[in-house]
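The same chain A turns up in both complexes below, where it pairs with chain B and then with chain C.
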Partner chain A sequence: MNRDPYCGSDAHLVSRRSMLSNMLTGAAGVGLVGRLIHPSVAKEIEAKKKQVLIFLLNGGLSQFESFDPKPKTDTGGPFRSIPTSVSGTHFCELMPNTAKIAHKLAVVRSMFAEKVPGSHGGARDYVETGRPPQLGPYPLLGPVYSKLLDEAGELPGNIHVAPSRWGPRQDAAFLGPKHASLVLSGGRPPLNVDRPASIEKDSDDARYRLRKIADLRFSQRRRTAHTEAYNSSYDQAQKLIRRKELFDVSQESERERQRYGSHDFGRHCLLARRMLEAGVTCVKVTHNNYDSHMENFNFHLEQLGEFDKPFATLFEDLDERGMLDNTLVVLITEFGRTPAIQPDLGRDHWPPNWSVVLGGCGIQVGGVLGATNANGTEIADRPVHVAEMFHTYMQAVGLDPTATHDIGGNKIPVGAPERGAVKELLS
Partner chain B sequence: MSQPTPEKKTEETPGPKYVAKADGADPFATRLTRELKHDRGILACRYEPSSRFVFAGALDNFVHRWDLSDESETGKREPLEGHESWVRAMCLFPDGKQLATGDYVGRLIAWSDIGGKPSANFSIAAHEGSIRAVSVSPDGKLIATAGNDDMVRVWSADKGEKVLELAGHECHVYNIAFHPNGKALLSADLKGVLKHWEIPTGKHVRDLNASLLYTYSVKYTVDVGGIRGMSFNADGSQLACTGATGVKGIAHSGSARVLLFDWKSGKLTQELKPVKDEIATAWSVRFHPDGFIVASGGSRTGGFLWFWVPEDPDAFHMVKFKQRAPGFDLDLAPDGKTLAVANHDGAVRLYVMEAAPEEPAAKKK
Partner chain C sequence: MRLESMSLFLESFHRFHPTPMRFLAQILLALLLTPVSVALAAPPGAEALHDSIDQHIKTAFAKWKVSAAETCTDAEFIRRVSLDLTGVVPDAKTTRAFLSDPSADKRVKLTDRLLNSAAYAEHMAISFDVFLMQRRPDKYVTTDEWRAYLQTSFAANKPLDKLVGEILVADGVDPTLRPAAKFFLDRAVDKDTLVRDIGRLLLGVDLQCAQCHDHPDIDQYLHRHYHGLSVFVAGSKTFRQPDGKTVLQEMVTREVEFASVFEPDKTKTTGPRLLEVLMTVPAVEPGEEYVEKPSRTVRAVPKFSLRELLATKLVSNQTPEFAHNMANRLWAKMLGRGLVHPLEMHHVGNPPSHPELLERLAKQLVETKYDVRAFLREIVLSKAYQRSSQTPAGVDPNTIPAESFAVANMKGLSPEQLFHSLLQVTGSEKMFIQQIEATLQEDEATYKELSADKEKLAKGRSDQRALRIKEFITLFGSPLGKAEGEFQASLPQVLFLANNPAVFGWVQPGSGNLTEQLAVLKDDSQVAENAFLAVLSRFPNDDEVKLFREHLALGKDNRQAAVTELVWSLIASAEFRLNH
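Let's look at the complex of A and B:
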C-alpha cells in the first residue's frame, strides 16, 4: 500500500482535475453568496502576503518584435523600434503601451538555456522550473508559490487563466496535486459551480458533513496521497463555490471591460486582476500563440496588438492599487525566435537568446540587463540562465531558493543548486 | 509546338491541355534565364515597360532597380532611398514612367522618371501600419492604398493629396486593385471580404466573398490567411484572388488556391488548384493575354509556378523551383514571354516561357 502522500501518481492528477475543473456538484452546498471584490479589501489582503502574476506568451515570443528590436539589420524584420519611458531603451513598435511603462519594468535581453528541448512543453517546463525537463519532473512556478507562499485562504493558491482547449496537467510534480494549477480553460469558471436545484441546501450541507466524517475516519487509519488529494479538492471546491462571483467578469463595469479590450485576452487579464484583488497567491495568464514558423510578422502584429494594451493596463491597475509593492510580475516565453527569417517569412525556435520582463515586488526596475549583438544572433553581455531567473523569481518575493522542499524525508532544493539569483535584478 | 524543357520537374494532369499559340508563350517550355541577385529576400517585382529595368522591393528599406542591359551575371542594381521599412506594395503607372511603392510602416512614395533618374515626386505617411498593396487607376490620376489600419485610401497621383477615405473593412486590408474600366476599386482583406467601391464617389457598392482563403485557428487563436494576390483580366470580366485554404495555424501553410470571380455577378466561378495540392500559399497571379493564368507561390518546402486555363480547376502545368524559396510576386514582361519572380532567397529570377534555341549541330568531319 502506498502511504507516501506525494507519490507522484497520475491518479492524483485525475482526481484533482475532475473535481476542481468540473466542480463536482456533490461538493456544493455551502453559502453561495460571495463577497464582491473591492480594492480596499484587496489592500488588506495584499498587505499580508506576497503575490505573483505570470504572463506566459506561449509558442515563443520573438525578441526582435518585442523587447530586443534590431531595426535596419538583416535579421531585424520590417518593424521600427520606438523609444520607451526609459531614456535610451527602445522596444519594437508593436508594444507602444508597454513602452510607456518601461520605467516600471526590468528587461532581460540575454536569457539562455542549454539543451533546450525542441518541444514547446519541455521548453516551457525548463523556463518555469530552471531545470532541464529530462531531469524532472519539477514543479512549475505556480505550484511552488502555492506551496511556499499560500496561506491556505479562501481561494486556491495557484490559478491559471488559460486559452480555450487548455486543460489541467500535473504541474506540481512532487509537491502533490494540492498545489497543481487550477486551470480556467478559456477563462471560464469551473463547471457546475451551482448546486443542482434538486438538492436542497440543508441536505447538501448534511451530505458534506457526512463525507467529512467518513474521510476523517478513513484518513486516521490509511492516510495516502489519494485521500489527501480528494479531501483538498473537495475543500477547495467548496471555497470556489463560495466565491463563484470571482470568475464573473461581467460584474465589472462596461468601462473597465472596454479598457481591457473585448477579446479573450483582455477578459482574461481583467479576470486575473479580480483574482489578485481577491487574494489568490499566484495567477498565471497564458496568451496564445507565438509559434510563428511562417509569417512571423503578420502573426506578431496580430498577437502583440492584442497583448500590449491589456498587459500594460493590468500592470498600471496593480500599481494604482498599491499592489505592486507585494506582487511580482513576470513575463516569460519558452524560447526566442530565430534571427534568420525563414523562406515563408517565419522565425523558428531560438533558445540561444531571448528576452523576459519583470516588474513589481522585489525587482530593480527601469533598466535593461544583458545585451545581444548588433543583429541579435548571440549574447554580447551578461548571459542569464533560466535557472538563475528561477532563483530570482523566488528571492523577489522573499523566498529562499537555496532552501529545500521536504518530501517524505527527501530534501529537494527549491532552485537548481548550481545557480543563484541575479543580484542586479533584485531591489 | 516546342517540347517541355522544365527547370526541374514537369507534371501534367488529365483534362484539357493548354496548347500554346503560334509565337505565343509556351508554359511547358518555361526555363530560368537569369538571376538578379541581392543579399536580402525579395518581396515584390515589376517590369518597366521598355523591359530594360526591373524594380523590386526586398527585406530592406529600399526600392531596387536592376538594369537588364548590364550584362554582368547578377545585373546592375541601384537602390532607391526613401522608404522606412520593407517594400512589398508596388504598382506602375499606365504611362510606364512612374512607380508607386508602399512600405511596412505606411509610407507611400510616387517615383517619377523611373527609366531615367528616378526621384520621389512625393512621399507621404499614408497608413498607420503596413501598406499591403497599392494600385494606380487606369487613367493614372489616382493611387489607391490598402493598409493594416483597416482603411482604404485614394490619393491624387500628382500631389499625394487624399481624395477618398474608405472605411468598412473590419480587419487588415491585404490587397487592392482598380478595375480596368476605372470606375470601380476593389479591396480585399484578411478574412476574405472583397469590397467593391465606386470611383470617383467612393460609394460602397457590394461585397464579394473569398472567405475560402481565410481560417480562424482555434488552436493558435489567430486569424490565418487572407487575399495575397489579386488581378483582373484585361477586359475586367474576371477577377483572380490568391491565397491558401485549410491553413491549420501559424506553423504551416495550407493548400495554394486561386479563386476566379465573375465580375458582373460577383460570383465565385472557379477554385483553381495546384497539381498535387502542394503545401503552399499562392502569393501572386496574372492573366496572360494568351488566355492562361499563372500564379507564383510556395512555402519553406519549395516554390512554384502554376498554370491554369480558367475553365479547368486543375493546373495544367507546374514548375518547381530549384531553390526552396516561395515566389512572393511575379510580373509579366511586355514581351508576354518572360516572367519576373520575386524569391525569398534574395533573387529576382527571370523565366522565359519559350523553348531554348537549338544548339547548332556539330559539323561532321
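Let's look at the complex of A and C:
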C-alpha cells in the first residue's frame, strides 16, 4: 500500500486511541472533554460498539472525476487534479474538501467484479453483497449489519436516508423483513410514523396498553419465538413514534445546518450524524444522479459540488466526536465510467475498474491501494474484487465473514466463500 | 352445483376482487364440470390416511420424550382451517353458527364445505402462484391470467401431476394453456434459473452449488445432476410471434458438456437426466430433427421435444422425488413445517423427521392420482392437524421441538391472508371501495376519462386494489426467490398497522363497518362478544369482557373512539397476526 509516512500509520492510530481513553479516564469533567465528547458517545467508545456509515453514489461515480484522475491524457477530461493531504496522492479538483482529509481515508482504485450486470440495480446489489445478483438475492450491507452487529436496542439497526421516490425495499433477502432498511425517503421520517389524525395526543398509549393485555392470554403456554418478536416490534414502534424528532434536522442549530449546506444531500448528511449519535448501527446515505451518459462533466461538477463538502464535514465531525475509531465509513458506487468520452460528452457504464473509499474503524488509511494504467483503461496493480471488499467491510467491524447465517436450517456463508478480506486495508 | 355453493362463490367473488368477467365464465364452467361431492374416502381396504398420520406421529413422540397437546377448540379449528384452505378468517356469523352446532361431525362437514368453495380454489391459486413463481415480477404472462388458470385448475381439482406437467410443457402458443407457460417464460427461459427452480421447487433439491462442482457438503447433490437437468431446458428459447406475443421454441439439444471448476481440463458430457436416471432419447437422422426448422421468422419445433420428455418423466413414478416433494410441501402448508426441513433440502444427510410418514403421504398422492383435495382433507381430519398450539399446563412450550408436531406450529398470516382477513374482520369492504374511488377521483381529468369506459374503470379499480395488496406484500412478504420465509415482525410492518391512514380507516367507524356497528350497541358485553367473534373468531373470556367494560366506561364521552381502540387492539394482537 502506498502509505504516507506521517499520517494514518499504526503508531498514529494507537496514539490517537490512547489519547482518547486518557481523556475519558483522566480528564472527565474538564470542559474540553465535555465539548468534544458527549457522555453517551464516551460510553459507546467504552463498549466498543461498532457503527457503519455508507455513502452510495448512485448511478456510477466517474473515477476520473473523483479519486483516480488522469489529467492530460486522452481519457482524462477537462478537470485538473489537485494535491491532497497525502503527499503524492491526487484527487480530481471537484473534491477539494475531501482532498483535505485524504490522510484519514483509504482509496482503492482497482475495484472490479466479473460479469457485472448492465443494470444499476443488479450492479448495486453485486457491490453491496459481493455476490453476482443472478445467484441472489443476497442481503445488502445494512441488513447484514442489522442482523449481525445490532444489539436490538430502541432504535432500528439499519436506516437508509434515501432520495425522494425511493420507497421501502425488500433488501434483506433471506434475512427477512425484520432486517430490511428503514427508509427515510427524501430524508423524511419513516412512513406511518405519524399517528392517524383522529387520535388525540394523550389517547394513543391506551390502545397499545389494550393490545398488550389482549396478548397476555394468548402468549400463555405457547412458543414465544413468534409472539415475542411481534410484541417487541410494537414496543419499538411506540418508542420510535415518541422519538420522531430524531428524524427532524430542523432541531439542529442554524449554524450546523449552514455547515452542511442548504440542499437535500447536506440535510441528509446531518440527519445521518443525528442518527449515528443516537446509536443507530448502520446508516446509509444515497446521493443520486451520477449516471452521466451525456454531459458527464457538468453532471459531476454539479453532483460532486454538492457531495464534497457535507461528506468531508460529516467525516470530520465523527472524528472530532471520537466516533471514527468505532465507525466504519464506506463510499461506494455500482461501477465506474468509461475512459472513452462519448460524442455528447458522456461517459457510459464501466465495470472493469472503479474506485471505492474507506475510513474509520481501524482501516489502514492515508494511502492508495491498487492502481489503473496511465489513462485508466485497465487495472495495473492489485485488483480488488467486490467480494473481497464485502469481507473487508465485515472484518473491519469485528464480524467474521467466513461464518454462516443459519436460515431455518439452511446454512448460508456470510461472505462469498471463495474470497477473503483485503489484508492491506485492515489493521 | 348446489345453490348454496353458487351463492357462496358469488359472494366471495365480489368480496375478493373484480376479476375480469372473462375469467368468471371459465371458473363457473370449471365448477359446473366438477362433481361437488367428490369421493373423498380412503381407498378400500387401506387404513385411512389420517389414521396413518396419527399413528406415525404418535409413535415418534418417544424419540423427543414429548406428549401431545390437547385437541384444539372449535374456535381455533374454524379459524385455522379457514385460513389454511380459503386464505381468510371466517366471518362472525359463520363462526357463531359453527360454535353452536352440536353435531359430532361438524369439523368434517366444515372441511368439506371449505374444500368445495370457490374461495378454496382462489386461495390455492395464490399459494401455488407464490410457490411456483416466488413473487417474480410479471414478464410475458400476467399474474391475473396465471392465477385464473391455477384457480380453474384447483376448482376442477386437476391432478397435481397433470398441473405440473402442463406447466412444464406449455409453449405459450395455445391460448388455453398459455398462462401455464409463465413458469418458463417469466423466468426469461434462463437455463440456470430454470434448473435451480425445477430442482428446488419440484424435486425438493437445491442444486445451485452443483452448478460448478459436486456439492461440497451434500454427497448426494452432484455436478451431473445439475447439468443433466439443464439438458432438458437448454434448447428452449423465447420466440417473438408476429402478433407480438412471446412464446417458447425449442432447439435440438441432446447433451451438454461440463467440467468442474476444480478440474477444468476434465470435460464430461451428460444427456438429459433426472438426478440419477439418465433418459434415452430416440435417434433422429441428421437433418430430420425438426418439424419446423429454426430461423429468424419460424418458431423451432423439434420432432422430439425434451421439454415434453421432462414434463412426462418428472411427474412419473420414475422420479419418486416429485411425489415426496409435493407431499412434503402440502404437509408444510398445513402443519407449518415440512417433514423434510428446509423444504428444498431432501437428501440422506437431512432425513425426514418421520420417514415412514413421508413415504405414506407420497404413496397416497400417487395412488389417488394426485388428488389434492382428498389429500388436504385427510390431513385436516388428522389429530396431528387438530392439535392445539398451546401446551398442557406445566409444560414449557419452548422445550417441544417443532418437528415433533406434538403441539401445533404457529404460522404467520401471509400478506394476502392478512389483507383479506383485515378487510373481512373490520367489515370494511365498502369503505375500501370508497377509498379506491377517492384515490381514482384525485385526478379529475383521468377519472372522467375512466368513467366513460366501463372496462377501463373496472381495470382502474382492480389496479388500485392490486396496489394495496402489493403494499402488504412488500411489507409482510418474503422477497423474490424466497417465498417460504419464516415469520418475522418488523418496525415498518407495525407502524403500518398502527398508523397507516387507509388501514386505520378500516378500524375507525364508517360505512357501516364493524366499529360503527359495535359503537351503537348499548350492552358492553355484547360489544365484547361481537368484537371477539368478528376479529378473533372466538368468544371473549370473563376477564376480557371486564376489560372491554372498563375501557368503554372510561371512554363514555366518546364511545366510538373507545370502540376504535378496542377493535384496533384485537387486530394488532399476536393472536390475529398468527395462524395458531
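What we mean here is this: the second predicted complex is superposed on the first by the 338 of 427 C-alpha atoms of A that agree within 3 Å, B and C clash if a C-alpha of one lies under 4 Å from a C-alpha of the other, contacts with A are read in each partner's own complex, and residues count from 1 in each chain.
Here, a residue touches a chain if its C-beta (ideal position, glycine included) is under 8 Å from a C-beta of that chain, and two chains touch if they have at least 3 such contacts.
None of these values were measured; they are calculated from a predicted model.
Trainee: Taking the superposition as given, does A:168 touch the first partner, chain B, the second, chain C, both, or neither?
Mentor: second
Trainee: Let me test your reading of the model: by the given contact rule, A:215 touches which partner, first (chain B), second (chain C), both or neither?
Mentor: second
Trainee: Name the contact category of A:206: first (chain B only), second (chain C only), both, or neither.
Mentor: A:206 contacts chain C only, not chain B.
Trainee: Considering only touches as defined above, state whether A:115 meets chain B (first), chain C (second), both or neither.
Mentor: Neither partner.
Trainee: Count the residues of chain A touched by chain B and by chain C, then name the partner with the higher count.
Mentor: In the superposed model, C touches more residues of chain A.
Trainee: In the superposed arrangement, which partner chain does A:134 touch: chain B (first), chain C (second), both, or neither?
Mentor: In the superposition, A:134 contacts chain C only.
Trainee: Looking at the overlay, what does A:255 touch: chain B (first), chain C (second), both, or neither?
Mentor: Touch partners of A:255: none, neither chain B nor chain C.
Trainee: Which holds for A:178: it touches chain B only (first), chain C only (second), both, or neither?
Mentor: In the superposition, A:178 contacts chain C only.
Trainee: Which of the residues in chain C come into contact with chain A in the complex?
Mentor: Residues 192-193, 208, 341-342, 345, 350, 389-393, 395, 397-398, 400, 407, 410, 412, 474-482, 485-496, 498-501, 504-505, 508, 541, 543-544, 547, 551, 561, 564-566, 568-570, 572-575, 577-578, 580.
Trainee: Given the complex with chain A, which residues does chain B contribute to the contact?
Mentor: The contact residues of chain B facing chain A are 39-41, 59-61, 84-86, 103-105, 129-130, 148, 218-223, 249-253, 281, 298-300, 303, 324-326, 344-345.
Trainee: Which residues of chain A touch chain C once you look at their complex with the stated criterion?
Mentor: That would be residues 134-137, 156, 167-170, 172-174, 176-180, 182, 190-198, 203, 206-207, 210-211, 213-215, 217-227, 229-234, 236-237, 240-241, 407-410 of chain A.
Trainee: In the complex of these two chains, what residues of chain A are touching chain B?
Mentor: By the definition above, chain A touches chain B via 59, 72, 74, 78-80, 93, 163-165, 264, 288-289, 291-295, 297, 299, 301-303, 341-346.
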